[in-house]
Structure formats: structure tokens, C-alpha cells
Amino acid sequence: MTAPALTVSGLTVAIGGTTLLHDLSFALAPGERLGFIGGSGSGKTLTALAISGLLPEGAEVHGSIRLGDRELVGLGERELSRVRGDVIGMVFQEPKSALNPLRRLGRQMTESLALHYTLSRAQRREAALRLAAQVGLGDPERIVRAYPHEVSGGQRQRAAIAAAISASPGLLLADEPTTALDVTVQRGVLRLLRELTEGDECSLVFITHDLAVLAEIAERVLVFDRGRIVEQGPTMRIVRAPEHAVTRALIAAAAGPAVPGARPRSTVEDGARGSDAEVRDDCNA
Amino acid sequence: MSRFLLVRALTLALGLVVASAIIFAALRLLPGDVAQIIGGTQASPQQIEALRQQLGLDRPLLAQYLDWLFGAATGRLGDSVVTGTPIATEIAQKAQVTVPLTVYSLVIALLVAVPLGVLGAYRRHAPTSRLMSVLGVVAAAVPVVWAGLIGIVVFSTWLGWLPAQGFPRSGWESPLSAIRSLTLPALTIGLIEGAILFRFVKSATLGALGAEHLRTAMAQGRTRLQALIGHGLPGVGLSIVSMLGLQAAALLVGAVVVEQLFALPGLGRMLVSDVGNRDLIKVQSTLFVLTGVILILGALVDVLHRLMDPRLRVEEDQE
Amino acid sequence: MTRSAPPTARGRLIRSPRGLFSLVVLALLLSAALISLVWLPDDPNFSSAYRAWLPPSPEHWLGTDGSGRDLASRLIAGSRVTVLVVLGAAVVSGAIGLVLAVLAGLGPRWVREPLVILIDVLIAFPTLLLAIMLAAAYGSGIPVVVAAVGIGFGVAIGRVVRAELRQLAREDYVLAARAAGLSRWAVLRTHLLPGVAPVFTVQLSLSMGLAILAEAGLSYLGFGAPPSVPSWGRMLAETQAFISVHPAVVLWPGLAITLTVLAFTLLGDALREALDPRLGGERSAAGADAGSGATLGTATGLIAGLPGAPPDGPGVDR
């Protein structure tokens, strides 16, 4: 698929009567790498879910999400499912639970492709091997036949990325894709995501609570706090001259408590701490 | 896999030995004379002595136990003191009622529980789904006897659809009437067990619906229903398989009560009347056969589960 | 949840409709049993051919049975057996379960491993068969019912609580307590036993309900209370011969049993939610289906509490 531009305007999401996203507006150019940052509960993941139409049942969505020339808000499940996997690819935080434990990786990596296009068995197999090589999985022959529990955490996440890009989507949503990974593996996955979104073919939305990670991959950053975008701008500008207190707190969290003059507000600190707790070691990697 | 099979076979054998020892100990280490108990109070001392000789009760307990255990392993269980027929023959004959009854009710339980459980979870907020849950909880609290009695009143007394009691004398030579006589009993235990299984299937499906890989499947372009069918239900099926042994065992034992209620000539009814007749040796063998079947079923289900779940195939050395 | 103070477990229990329902039913059961000791509408064992099959009337609230015995009196008096069996089963199975769990979970290796095998074998030994075995050896009666149910469910409780204990014992705060120099016994008393208390209580409540079903089945088969003692299970057996003529008579004991068992099941569910602080109030909607494993006792065969494999990932980390 071709690279669409994403335009979100006036996006408001309420679940169970509580408004969780307030009137969000932003745009994403073709091929752009955009970062979402914020503490847990700030609404960054919810925004990604809203874009892909994966909000929980009973969520009320208002506003507009335009992908290319197509309006996504108000689409039925069947129409949305045609967009997902084909035009929008998603990578989740924990590859161990995001992959089906009962299916071989090769089949999972080519799932989107097989769902949206007609493939022969041989073509699908070939695609799996090509994808495995593309995401830097060594020994593709073995990997495509393996079950998720048989490979390391880093390999699992690479396989999950392969699954997300198999149908060459124009937009890749990556929700904390490096958080669950070993630090040494994180860098490789980041580089892979950067390579895959090089050029105008595929844009990337990268969600994280870690500004240091974001600085490596995103060209532009949206700072989320309690369901609102409180600051946005080019990554370098945000890092060097943050304007909003929340952004300063996030920078302080990334740099550690030793940074002078950047006392985080308590709410943000709670958020940041909550996210830290989610970081898990993956010794398999 | 072969190592797993070996270990599982060994634990099964160990289980059978432990079970046999428990049964033997419970029925033979009595605070009285076993021959006297079997013979009853009317028996003369000579008769008791003859009984003791006949059953080998005068030999050391360990020898008696080993004889019985090896006999059971080779299918020789001795003769019934009361009827004089070989116990193994009688068990095999009665099993022709009990085993079909158990299978029949298991099929009913699965037919009720699986579709309703999956649907109940998929549409968990629908009023009908909530109603099903309430009915399931209530049905699981109903005593089997009562359910059977109500079934008899409704389906045979009022509607006249099914026979109230009994089993055709010709047995399976008249298959239709045999199935007809098993239908009400099988419905009785099948529906109650189905209610329990329903809760399990529903919560397993809810778990599957909440699994992250289901969200991945949706992100790849499936609708929620397609994702559930393609990626959730296989796991639910595995959970159900892992429960089948216990389910079958529960139904097998449920048959004891139901056979009594519907006057079916099965193992359960035989067991109850043997206890009444103080045919201790036969009770001992029947109990061992029933627990043996349950233990073997459990082992078979474990092996089946292992074969079906790729996660378990390789993890040879877990605790 | 915008309440000022977090509600206590007891508060949550009473506030949930299921908890309230079960507590009311169980209070009724207990008071019926207590009142029956001093007063009954009629002698539950007084039979007379002149008053057989009387319809309900102010004199005989539920009518009489084929022997002319007052059904209401028998029903109320029958609650005594139920309470006796429930309490007996709770004490026996609770004690067996706890001891088994501690020994098989935390004991030295040579105690632990044989016990685990024993538990696995005993769990396959259905309570009903256990009861028949005991009845064959020692004769019928309420003690046999209590012993069989107590052992059967005790093993099941032991298995569940053992798994919980083993998991708790690996938690950091328990390890920290051990590292801080607390003795095994002190750790058990201050951290582990309070930690497994919710699971234990829930299991106990569920097995109390199943005990009633077991009593009904066993009394029906003739292995339970002797004929002179009115019990609900026996009432079912006594009415069986006449159900085609007098179907209404079978209704009452069955209803009484179902209601009581239901009360224990719902109490178990409500307790699980009230005692588990992690659940908070958010699960109330899913209530009826919460946690399959622990709720799964099987009513027909009375194989007590199933292992409770998590819905996804069955038996992976057993």
C-alpha cells in the first residue's frame, strides 16, 4: 500500500462515561517518524488504539481520523479490519504475549499478508523467509518453523515486527516495542524500526515513556498528559528546550534525579514510576 | 516426548498401586473378622471357616494383597461370593451400560457447554448471556437425584416421551430402546455437568478474548469474531481437553447415583447392591476397576494434551 | 470507586448482592436447625395411615407424605443433618487440607514428594466412591458421610492451597523475611498462612456446598443418615416411588438442597471478590464467571475441586 498521511482532528474518546482523550489534533506526513511520549495513563496508547480501531467495546469516539483520503471514525468492524494489517501495522510491547503461543512464527509473520492478499502456500513460505531475513532474524529456516517460546525475546520482537510490516503498511504503530527487551537488544530493534521507516513509504508512530529512546528514532514528538497533547515539536527542540512542566519532568526522569532544577511534579513522577515498573528483564535475549 | 511417556506411565503405575493399597486396606483391615462380615450373622462357624478357606482369608495379608493385585493386572478377579459368577465377567457386562451412559452424558455436557460458553463470553454483556450464567450457577447446585426425579415427572409421566426407568432386557440387541432408556439418565448428569463445564468454557473464552495475541490478530486484519475463532478457540479447546479426564471421571461416578435412580443394570447399581450384600471382595475389585479407569483416563488426557500443545512438547525438564 | 475509605472485606461481602443472599440463606438454615431442636410443627417421625398424602393446610404446611408424616417438620428437622454434615465436612476437610498443603508445600523433600503423589492419586478417587468404600467397611451413617466428604474435599483443598503456598513462598517479601532471620514457623504464621487465607476460605465455602450434594446423593443411595433421622437426601429417596402420583412432594427437599448449595457457591464467589484486594470493585460485573478454577467442583461425580488450571496456558507451570 502507498504511504498515507494521517490527520487526526478533534479526537475525543470516552470509555464508560469517563473522557480519556480530550480533543486531540495532530498530523503525520508520509514517511515521518512521530513519537508519542507521556507517563502511564496519559493517553498515548489509547490514541494508537483509536487510530487502529482497537478500542475496547463500548468506547465512544468523536472527531476525525483520516488516513490518506479515508475517514476511519465511524467505520464498522469489518471495514476497519480491512485497513488493519494492510494499511496500518502494529507492534506491541510484550512480544511473548502478543504472539500466539500455539502457532509457528512463519505463519504468524505472514498472517496480515495472507489475510489481505491471495497467496499460495509456497508464496507464503517464501514471504516468511524474506520477512525473517528483512527484520534481521538469523537462520530464517529455523525461525519460521519455531514456536514463540522457542526463540529469544529479541527474536520474538523482530518476528512481531515482521508480522506488522508483512503487508507493507503505510503506517506502523509501535507501542513501547523496546520496553520489554534487554537493553542490549533494544538498540538493534530501534535500528530496525528506523531502517524500515526510511523513505516516504512508511510512517511510524513510536510510543514510549522514555525520552532517551525517542531521541534516537523520532523526528517529531507529541507530549501526552492526562489525555491531552501538552506540547509538540521537533525532537531536538523538545529535548533541549522543553516548554511544558510535564516534558521537563520526563526529561528529568530520563536523565535521572541528578539533573538540577527539574523537579518533577508529583503526578508525573507517579506516572513515570508506574512505567518503570513495567520494564521487565528478558533474560532470554 | 518418550521420556515424558515413560515418566507418566510410571506415575500411573504408582498411582494404581497406591489406589489399590488404599482400597485393600480400607476393606480388609477391619476391626472384625472379614469372613464373619461377609458371611453375616446367620452363618454358622463352619460356613465362616469354609468362606475363610475359599477366599484365602487365612493367609497373610500381604500375600492376599499381592494375589489380588496380580490377579487384577491379568484380569482375574475371582468369583463373587454371593452369585458365584466371575467378578471380571460381571464387571464387563455391567460396563456395557455404564460406559455408554458416561459417553452419552459427556457428549451432552460438551454440546451444551462449549457453544453456550463461547457465545456467553463473546457476548458477555448481552442479557441472554447473563441469564445463561445465572442458570449455569443454579443448575450446578441441583442435586442429581432431584434433577432426575423432575426429569421423570416431566418427560415420562407428563409428556410420555421417554421410559421412566429400566433398561431393555435384550440390552444392546435392541439399540434404539437401549438409547431411549439411557437418554433421560444421560440428560440428567450431562446437563448438570454441562452447567459446570459451561462456567469453565466461558471463563476460558473470556481469558482468550483478553489475551494480547488476540489483539495482535485483530491488528493484522481480523474482526474480533474471526480472531476469536482463529486464535482464541484453539487455546480454549486445549483447556477443555485438559479437563476431559476429570469430566469423564465425574460423569462415571455420577452414573452410580443415576443408575440407581433409573434402575439401570450398570456398575454403579451393582456396586451399591454389593455393598448391601456385603460382597466385600467384589466391592473391592469394582472400586479398583473404577478408580483405575479414572487414573488411566487422566494419564491419557495428559498425553493427549501434551501432543496437542506445542509449548509442552519441548519443555522436558520442568518441575 | 470514589469512596472515602476502602471498604473492608466484610463490608464488601455484605454489600454484594450475592454475598447478602448467601448469608441470609445460611442464617435461615442455621436458625431452622437450632429452632428444630426445641420446637417443630409436628413430630417428624409420627406416621399414621389416616393422614397419608394430605394436601398443604394450616395444620400441615406442606402436607404429609405416604406414611402420613408432616413434610414441613421433616424438612425443618432435616436441616440438622445438613448443618451437621456441612460443619463436620468443613472441620475435617479444612484440617486435612491445611496440614496436607503445609507438609506437601513446605515440608522437607522426603515428605513433600510422596505426599504430592498421594494427593494426585486421592484426587482421582471420587468422594462418592470413597464414601461407598467406607460404608462397605464400616456401615452407613453420618460419620461415614462426613469422613468421606472431609477426606475427599480436604485433599482438593490441600492441592489448591499447596500451589498457592508454593507461589507465596517464592515472593520477594517472604524471601526477605527469611533473609531477615525469621524462623520457618514465624514466616508461616505471619506471612504464608494469612496469604493463603482467602484461597482457603473460598475453597472451604465451595466444598461445604458440595458436601450437601454429597450427603443428598449418599443418603439417597442409603449410605447416609439412618431411616429414623430425617434428612433431605433421604426425603428424596422416600418420595421416589410416588412421584408419578404426588410430584409436588419431591419439590421441597430438592429446593431446600439447591438453595443451600447455591448459597455456598455464591458465598464462595462473593468471598473471593471481597477477600482479594486486587480485584477491588471492578470485577463485579463479571462476577458470576469469575475464576473458573476454584469454583469448579463437580456436582455429579463429586470429584472435589479441580486443579484450577488457568484458562490460557493449561498446566504449563504446574
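Observations
Which chain is which? They are A, B and C, in the order written, and residues in each are numbered from 1.
The rule is simple: a residue touches a chain if its C-beta (ideal position, glycine included) is under 8 Å from a C-beta of that chain, and two chains touch if they have at least 3 such contacts.
Computed from a prediction, not measured in an experiment: that's the story for all the values here.
Once chain B is removed from consideration, the other chains connect through touching into the groups A | C. Looking at which two chains touch through the most C-beta pairs, you get B-C. Chain centres computed from CA atoms place A at the largest separation from chain B. One simple way to say how far apart two chains are is to compare their mean CA positions; for chain A and chain B this gives 50 Å.
Chain B and chain C have Cα centroids lying 21 Å from one another. Multi-chain contact residues of chain B (touching two or more other chains): 211, 235, 238, 309, 311, 315.
Among all residues of chain C, those that touch two or more other chains are 313.
Contact with two or more other chains is made by residues 101 of chain A.
Per the touch definition, chain C reaches chain B in the complex via residues 117-118, 120-122, 124-126, 128-129, 132-138, 209, 213, 216-217, 220-223, 233, 236-237, 239-240, 243-244, 247, 250, 253-254, 257-259, 261-262, 265-266, 286, 288-292, 295-303, 306, 309-318. The residues of chain B lying in touch with chain A in their complex are 125, 211-213, 215-224, 226, 231, 234-235, 238, 309-311, 314-315.
Note for the complex: chain A touches chain B at residues 52, 54, 57-58, 77-78, 81-86, 88-90, 92, 94, 97-103, 111-112, 115-116, 147, 149-150, 160, 163-164, 167.
In the complex of the two chains, the chain B residues touching chain C come out as 11, 14-15, 18-19, 22-23, 26-27, 30, 120-121, 124, 130, 133-134, 136-138, 140-146, 149-150, 152-153, 157, 164, 189, 192-193, 196, 199-200, 202-208, 211, 235-236, 238-239, 242-243, 246-247, 249-254, 256-257, 260-261, 271-272, 274-276, 278, 280, 283, 287, 290-291, 294-295, 298, 305, 309, 311-312, 315, 318-319.
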